[in-house]
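You will see chain A twice below: alongside chain B first, and alongside chain C after that.
After this line comes the complex of A and B, so read on.
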């Protein structure tokens, strides 16, 4: 009988208890996968959107809440004069409850700006000019709103024609209603206002020059802030809160898992006092007994982790299709998350096994055999 | 997760917003006066989604309306216009309610009707609110008393009881559960003759917009009625410019939003 056989036999001796413990760990790990996957997915979606459009810096005034406050569109002209800036464009983006659908991102873009370039028309046509009372819908937005080319969509009191369906290359773009800035300003009663300026820097602009440019922008627009595209996610309070919430909920779930495994391993040690006594009597060193218990708990963690990853991934896939999430989030199911989740499960197993392992190593062979 | 920056309030006297402030257990009159002052927030323009559903029969179809609300409020007068933007078949439907006791309704293409205070108990656009609910300011009533404290949504609230005493109202009293830190009501109960509960308004979300606390989401229920109305504020602009014409029966036909405001 090998060491591994002893380990697996220990777990198989009480299949129901082992199964229930596995269920406990796997639910905890599934929560990690689902919650963290959502948070990471959201971050990744934003990052992907910025990459696809080719934005280096974003200027906004984030004091207004989740969406930045509006400011005068003329700020863009002043920023465009700065030496390291190659190109700028401005947007007015708002989360709006459209018709009977949930909140949806509506993105008004300066006509001719580079944020239009990555949009690929998959059906219908692009908006003709900046004054055409029309929108194009991201693929997911069209699904959520149940609209097709030729329909109309009502934004505030205006009915706008849906002239095209577009693929924007990211879930954020695909989940948005896109129209010209001029029409957006008119419809939302924000004439002359924007809430984002997107910036492309001169090629080869180094880190110091970027910091310098951000400082110059702060002088031009003291209420606003220029953030490097790569830092948008990291500096956003909303993202930080989402990340903290997902991890704190996950930690709770993991704690429950730890307690479950610890309970199972303690019970195992108590039930196998006699067996452990014999192993010690036939020459097993205490460290080897400890290792056996730790291996059992780690194996529980590993199996629970694998099961949890499968459950979590399935849960995410189902959640992704729900109307509340569809088009807004693209969960992250990267190998990195899945591997981290399994590692967490194994670590959980090991931590849970520490006390039972210590208890087992403290047994006296003579007393244990008699028990 | 509903992510929304912008939001609104509407309880009892209607949509109102309050500046972020705190109060250390003020007396009833003081508390009511503060709330009343905060409710007189000048000219505002608000966008709201209103859903009328039937919780008892979830399979019944829901009615979803997108509304815009134009209001101007001062110490002596409140004028409010509700205009339907969605669905298409009801677009343009509008109601004007004035605290002076009159109002008008408009149904496109050209049906314009005026009404007086006798109709103030009627339902607002098929919801669980009445015309009176959106024009009254019960915090301005003279008879105010504190009726204890109670925790609502994990927030300790002062219960303020307001009685019309001379003011025109179909209610005999209104109890409001006030979060005195944020100065917003988290629950309002309106009682009719005989002391029976007529309407209950629960605040399900409070948002802070530019330093002002606004009730972002409300649910209105009427005991004995199958429906419930959810009002979800999506945008608020304060300090907008209205003309007197906007608050006339003819003005109901104008769906354009106001100029200016923040």
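After this line comes the complex of A and C, so read on.
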């Protein structure tokens, strides 16, 4: 028999209660994994999209809702004059409900811009010209909307033909409805307006030059903001909200977990006062009794964490296939997230065990043994 | 037999002076000033009516509770001031309770190993030693049983084996036969006497049974939290006992 035997025996005394506590922690941890996995996945997906298209900087008006406010398309021409800028293009993007899909990205792209280049037609054809009232669908968008080449999609009051299905090399691209900027402006009654300018810089532009360029853009377009592609995720309102929400919900879930484990450990300690009295009477040091209680609660946390990570990962995989999420993001199931979640669970266990452990070690052996 | 009959020159194991113990903020005075000496190798029996403070006194000797007043030394060291009372409880003494106090979720073999976690033995050494101890109390065949599967007498033998886990020189027993029928009581008593006789263990035993008390080197009678009389056995007990 080892010390660990004693610890596990303590948990096995009340299998139902231990099981319920494990369920409690694991659901909390599963929530953490799912929520944070979505938030991180969202960020990663966007990062990947920018990378695939080869965007170095993005200019937009960061105030506004989930999507930035529109501004005059002429801003692009002024920005294009700046020395370090190699290429620019503009877009009008909206995250809207289309037919049965609750949220889908509709991306109107300036005809001839570099954002068209990486799209590979997998079915049908590309849009013919700037004014053709047609869209191409990213592969996932086609799946979510259940559309084939030859169908139409309803955008606001207009019906547009689906002429092709494309692969854009990232989840975000594949989840979008793509059309020409001119058509998008007309359909959404935003003539002459865009809400993003994507920039490619001259090769070899260093960090200082990027910062300088951003400052110059600010002069041209004071309401706007130029952000390096690598920082888009950190600065956007939408991402910040998503991040804050996922963490605050996680903290709530963790708090519930702590209370659950603490309750279990306190009950265990109360219930076992007599046995703890025996341990003290036969000469166990107080620290050893504390260690026993702490190890029990940490073990609860560890087991709950492992279970929770499995549950959370399964949840994410299921969510990944739902229409609401498919195409918007690729949930992040990185080992980093899973390990962090298990560590959180163990820490939750340890924190919850502190008070019960301290209590149990303060008992007088004579009093405890009589209870 | 002379070595079994300690005299005034034998060093003391316990020395209590003016020992008091109060409960409930002074409402209950369980001990009201006890003076007591226990010498190396003695077998001291403590008797007295119910509620006179016998268990309380034994708990103080065993460092299971702290005195309210007075001094209490173990081989010259103050028990209440010990920096490491756990070591004293696990190594210097073995405590045997009337109610056995075994851990119900651990087997016999495991129960005996519990105090050994404070002893720096390896896992294998702990097990071997526990087997040896259980064999010495005649329970070599019940190692994997749980306490609930044993008779009272068997449980008390497990408790004695546990008390001897780290080879103490003193055994404190609080009515160890109080919950047992006479046949089992006899066995337990034999076991304790054998320890006293063969291993020279100092034995302090609380009992209601005057027959048992008669076997002791000294019998201390208590009443209302005080020692009222002390009788040294003229016929050394152990000589009479088989």
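We take it that the second predicted complex is superposed on the first by the 357 of 371 C-alpha atoms of A that agree within 3 Å, B and C clash if a C-alpha of one lies under 4 Å from a C-alpha of the other, contacts with A are read in each partner's own complex, and residues count from 1 in each chain.
Here is the rule we go by: contacts are C-beta pairs under 8 Å (C-beta built on N, C-alpha and C of every residue); 3 or more make two chains touch, one makes a residue touch a chain.
The model shown is predicted, which means the values in this text are computed figures rather than measured ones.
Within the superposed three-chain model, A:280 lies in touch with chain C and out of touch with chain B [touch as defined at top]. Within the superposed three-chain model, A:189 lies in touch with chain B and out of touch with chain C [touch as defined at top]. When the two structures are aligned on the shared chain, A:365 is found in touch with chain C, with no touch to chain B.
When the two structures are aligned on the shared chain, A:2 is found in touch with chain C, with no touch to chain B. In the superposed model, A:95 makes contact with chain B only, not with chain C.
Residue contacts after overlaying the shared chain place A:77 against neither chain B nor chain C. Considering their complex, residues 63-67, 69, 94-97, 99-100, 102-103, 154, 156-157, 159, 188-189, 238, 324 of chain A touch chain B. Interface residues of chain A facing chain C in the complex, by the touch rule stated above, are 1-3, 5-6, 9, 12-13, 275, 277-286, 288, 364-367, 369. On the chain C side of its complex with chain A, the touching residues are 59, 62, 64-66, 84, 86-91, 95, 97, 101-103, 105-106, 109-110, 113-115, 117-118, 123, 126-127, 162-163, 165-166. The touching residues of chain B, when paired with chain A in their complex, are 1-6, 45, 47, 49, 64, 66, 68, 83, 85-88, 91, 207-210, 232, 234-235, 237, 255-259, 261.
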